[in-house]
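This report refers to the structure that appears directly beneath it.
Letters A, B, C, D, E and F name the chains as they come in the text, with residue numbers starting at 1 for each one.
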Amino acid sequence: MPKRVQVIGAHSADFVWRAGGAVAKAVSLGGQAEVIALSYGERGESGELWKQPGQRVENVKKIRHAEAEAAAAHLGASFTCLDLGDYPLQIDGDRLLEIAEAIRAFAPDVLITHTATDPFNPDHPIAHGAVDRARSLAAGAGVTSAFDTIKPPQLFLFEPHQPELCSFTPTVHVDITSVWEQKLAAMGEMKAQQYLQTYYAQRGEHRGNHARRASGRSEVKYGESFMRVLPQVVGEL
Amino acid sequence: MPKRVQVIGAHSADFVWRAGGAVAKAVSLGGQAEVIALSYGERGESGELWKQPGQRVENVKKIRHAEAEAAAAHLGASFTCLDLGDYPLQIDGDRLLEIAEAIRAFAPDVLITHTATDPFNPDHPIAHGAVDRARSLAAGAGVTSAFDTIKPPQLFLFEPHQPELCSFTPTVHVDITSVWEQKLAAMGEMKAQQYLQTYYAQRGEHRGNHARRASGRSEVKYGESFMRVLPQVVGEL
Amino acid sequence: MPKRVQVIGAHSADFVWRAGGAVAKAVSLGGQAEVIALSYGERGESGELWKQPGQRVENVKKIRHAEAEAAAAHLGASFTCLDLGDYPLQIDGDRLLEIAEAIRAFAPDVLITHTATDPFNPDHPIAHGAVDRARSLAAGAGVTSAFDTIKPPQLFLFEPHQPELCSFTPTVHVDITSVWEQKLAAMGEMKAQQYLQTYYAQRGEHRGNHARRASGRSEVKYGESFMRVLPQVVGEL
Amino acid sequence: MPKRVQVIGAHSADFVWRAGGAVAKAVSLGGQAEVIALSYGERGESGELWKQPGQRVENVKKIRHAEAEAAAAHLGASFTCLDLGDYPLQIDGDRLLEIAEAIRAFAPDVLITHTATDPFNPDHPIAHGAVDRARSLAAGAGVTSAFDTIKPPQLFLFEPHQPELCSFTPTVHVDITSVWEQKLAAMGEMKAQQYLQTYYAQRGEHRGNHARRASGRSEVKYGESFMRVLPQVVGEL
Amino acid sequence: MPKRVQVIGAHSADFVWRAGGAVAKAVSLGGQAEVIALSYGERGESGELWKQPGQRVENVKKIRHAEAEAAAAHLGASFTCLDLGDYPLQIDGDRLLEIAEAIRAFAPDVLITHTATDPFNPDHPIAHGAVDRARSLAAGAGVTSAFDTIKPPQLFLFEPHQPELCSFTPTVHVDITSVWEQKLAAMGEMKAQQYLQTYYAQRGEHRGNHARRASGRSEVKYGESFMRVLPQVVGEL
Amino acid sequence: MPKRVQVIGAHSADFVWRAGGAVAKAVSLGGQAEVIALSYGERGESGELWKQPGQRVENVKKIRHAEAEAAAAHLGASFTCLDLGDYPLQIDGDRLLEIAEAIRAFAPDVLITHTATDPFNPDHPIAHGAVDRARSLAAGAGVTSAFDTIKPPQLFLFEPHQPELCSFTPTVHVDITSVWEQKLAAMGEMKAQQYLQTYYAQRGEHRGNHARRASGRSEVKYGESFMRVLPQVVGEL
């Protein structure tokens, strides 16, 4: 059964490093994927662009949009940015409803976002809180309500850069061996971030090793790790 | 792909209430199931039998064996008891190796046991510790070793009687709707434990409700809940 | 010593299922009880009413008010609704002070609200945060202050629908055997919510069992469970 | 209702500092109290005595016995030592049954012991584990069993010397104002431990302050703090 | 290497009790220290002043400013108050940027604030959240950004009044023996708070004892304890 | 001040991957280092050697000894093995005292061992428990005792292979840039474990990145991460 996968990140590049493989895999299996960025990360994470003399914020956003769109295309996903601003990202009641509406509109089977804690980033926990709450608003209380609701999406947190400091415990490793080249290509679009390209390429190998160790399946070469928030419902163990 | 399911409990009746549905479901899908009891619970949980004048421990064990075997038969599983004694269950180095050998011999895909904490039972945490360690001994260190190893089984903890006091957080709900009658029949073999029959029948409904709420799948009527210990490895989220 | 009990819930029906017994018990012992709802739950939890053609929000609120008032009457409590809106419930600085004022005005011995986490409801954690903070504002810093303060109320969290997913660990079981019929009657007023009536009736039996198990007191038939937030002060253990 | 209070500590002086007030208070209210030490602490905590030339272990134990007995007498409690050895305290299966038997024989309403963690003491966690398990053995599984059982005692952990490093969160403050002089006298018997006398006298004041702050009851001058392990069962909140 | 130490507290007196020693010690070693109060605590903690007939809020603030400034002077630190109001302290987006700017301007090596939890104070957790987030805004994402960033300050939480209820685990004890008289003098400026003067003087002795016990260094007489939030980077263990 | 560093691991190769850099760094600063292995890992981790026809356990141990000794030599440390057996490692009372004696004899400033949890290894948690307890036995209760005691060593846990599954949170990053070549050489002695050589070489880079991010010190190229168990005692923050 092909799945609908929605990734909502604080900044426009977050999805590539942390969920690019899972997105491409779902698409390769016939699914559909949508990436939503709450901001372009234009202030906090675009320093290379600001080194250019006379740089302007609209131009930075334009470049960041193009990069993210190209990366999403490698993975088979669409890309949208709500452009809420970063450093700090601030989300009031109306913005929260806007995010809930985006979830309701796409009606994902799988919804992916940041961890609730990240001592190295002021925007990631804000994004987590909003997406978590927006998900409940879109799915409703499990009874009929005054508004349209969607089937409750499964919620996953993607891997942060320093997992142990973000209370991230991997509970699912996705085998992304068959889409590895696509993830590499998507990461390659983030031209200014060479270190992260190397880091997440190594991370893919490590998570592959972890997946082999947990499953005994020797064919897994590359993995991507996630933390599931809610119980899953299965036909058998 | 049919699965091999192994349940290891401290006392001979533990598996019925807490994993009977998951066992029957796996068997109904073509799998194989084995139940191992570390003891008969002959001292701590067989009070009704001891009310008979002149009762002797060997007779109690015999009755408990028959009940457990009949219950397992309803679920399609075999039943074995290591007869290590209860209240207190004590497991030394040799006993630990015996349990590891039982895991190695059956080579389960899915291994199920108690939670690590249970303030209302002195034997359950001991059983947990031994099974957890025996599993590592049977699966090895993930590299070739001096002894035969098996593919690492997925480890699940079944639902204790007072979940919140045992640090039990359900992470998987199994849909046991199609085998519900079998679980009722298996529980019915535990003739002296009427309260638990009622309680776990209600629990099956509650967990069915929780499963519907988490998944939006309205066809789930009865559920059984488990806590997964190690990351799962999947093809997609 | 008769006690003053105040329950503050996000939606108008929350108090019935989760604290109805404790409220009735306190009143039966000569105490006084007040229920405050932050909203009517008119959007998220009133779906049955919205099925009526031409339904309007004011009418939904009116019906929900009548139901909650009738249920509170069975328990011997008054009912007030602050009508702050639901899905999402939003509480700004002025609203926070309004809640603090309600606590100061009633001066409860016992204050009861939601858990801090609830992955299935976007409003419950918001209610928790506001009540917790409002309680501190009403009780002050433990020294004389610029405003009137009350004796610090004991703070309890009531049982959420899926306790283990809300970090709910019961630390107090209340024996509600003598007021069981009243709780059933109060729940009966929530006519559209048959499932919850059945669920919480069973839950009352289970918690009674847990209370017997923890105390050895065989006369406890029905219980209601709570999580105490702050240390209690006693004359002896 | 007068209560039976049993304190089981790893070493013969532990009960004085940490539960002396609660013991004296229970006795002052008509209860009965028994102190059991698993060892005399003759190796790890009796250094002053070993400074005497020619000191012998039997003499150290004799002196420690006399001190503990005198302290217990100030509080109105009996004192027994199982003399299992310290540094390290080791408890095998037979010793475990001996402790269970001691609990069964006294049939306490209230049972008090160490925290499960103590990075500054190798014997305290061992004592905790044994007492916790022995309690379950004495109280049984909540159903009739092959052996005599007692009404399940309430289990409390007393305050360790460095609470935050021992995961100790106070959940009950006992008002020991009326027996304060008795606790001072009992502590005074531990002649070599002047620092602890001062420390726990100050601690009594602090916990009194905490108790006033939590309850608003200004008459509490001295307190002693405990962590309750299992839910309590009450008539009302 | 002399250090720059910045303490940001919710109310104007918080820094004295909890970080006065660490501030004085840093200054005594050649460092520089700045204290910032988010409010004067004029409503919640200034009750003694409000007992004067005709008291006015501006006068309360003036007195609190003078006390805090005098205390800071004993420690060798400057004192500033952002005067955001207390009970409740409320911090919106603009205020957050103001705090970030204060951190950026001082560029501390060491930044000290409240714990994230404090059930006895509604303003302390708000202060924690703002300082934690402002620190990230000032230090940036670890890459070049659109705004000036500072070297990431080490973040410490100071000791709350009831540590175990605030999830405070000490991870660093500072030896404040050499500046003990200065801390006593600073505390002495808080004339209305005699209890806290006594309490924190005793606390200084206790933490000195804990520091001796952890390190074996007998020369430590007085200590102050902190909880480090982020990993430290060292040349060797 | 040169330091004495002692590493105690379950198997003879554990120290290389996880603490090799910290050992070499301490030695390079004038310190002394001792590595103790509780077993050779001859059964669980020596599979490559067992592939040789006619292989015998004594020969496996001999080869493992030579490798570990050579690796330790690159780091400037001595190597000893207590040879207690692996898979399973079992430690009774006498073995515990043997480990305590080894700690007492070396009197380390810094003691390093495994995490308390490791779902992928049955021996690591056993090693942790024994070393933690042996440390307390060697350091004593903080008062004079019947036996010789040493200054309490600082206790650190080294990084396990899957940190998030072992509750490992790095609290200290050691800058090992200046001894990086030595760590590479030591790892190179473990000829059969090519994967781990690559993995821990990458890990050294990642931890270097984390250390730069936490400290802002750009000169750190390679790091090794540890979790400190007990509070540190410092002259200033």
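By our rule, contacts are C-beta pairs under 8 Å (C-beta built on N, C-alpha and C of every residue); 3 or more make two chains touch, one makes a residue touch a chain.
Keep in mind that what you see is a predicted model, and the values were worked out from it rather than measured.
**Student:** By the contact definition above, name the pair with the higher C-beta contact count: C-D or A-C.
**Tutor:** If we tally the contacting C-beta pairs, C-D comes out ahead.
**Student:** Using mean C-alpha positions as chain centres, tell me how far chain B is from chain D in Å, no decimals.
**Tutor:** 37
**Student:** Touching at least two other chains at once: which residues of chain A meet that condition?
**Tutor:** 120, 142, 165, 170, 210, 213, 230-231
**Student:** Which word fits how the chains touch one another: line, ring, star, complete or other?
**Tutor:** Topology of the interface graph: other, matching no listed pattern.
**Student:** If we use the touch criterion from the header, which chain pairs count as touching?
**Tutor:** Listed in label order, the chain pairs in contact are A-B, A-C, A-E, A-F, B-C, B-D, B-F, C-D, C-E, D-E, D-F, E-F.
**Student:** Spell out the part of chain A that touches chain B in their complex, as residue ranges.
**Tutor:** 3, 5, 22, 25-26, 29, 31, 110, 112, 139, 142, 151-152, 154, 156, 170-175, 210-217, 220, 223, 225-226, 228, 230-237
**Student:** In their shared complex, at which residues does chain C touch chain A?
**Tutor:** 42-48, 50-51, 57, 60, 87-88, 90, 119-122, 165, 193
**Student:** Which residues of chain D touch chain E in their complex?
**Tutor:** By the definition above, chain D touches chain E via 120, 162-165, 168-170, 195, 199, 202, 206, 209-210, 213.
**Student:** How about chain D: which of its residues touch chain B in the complex?
**Tutor:** The touching residues are 93, 96-97, 132-134, 136-137, 140-147, 155, 229-231.
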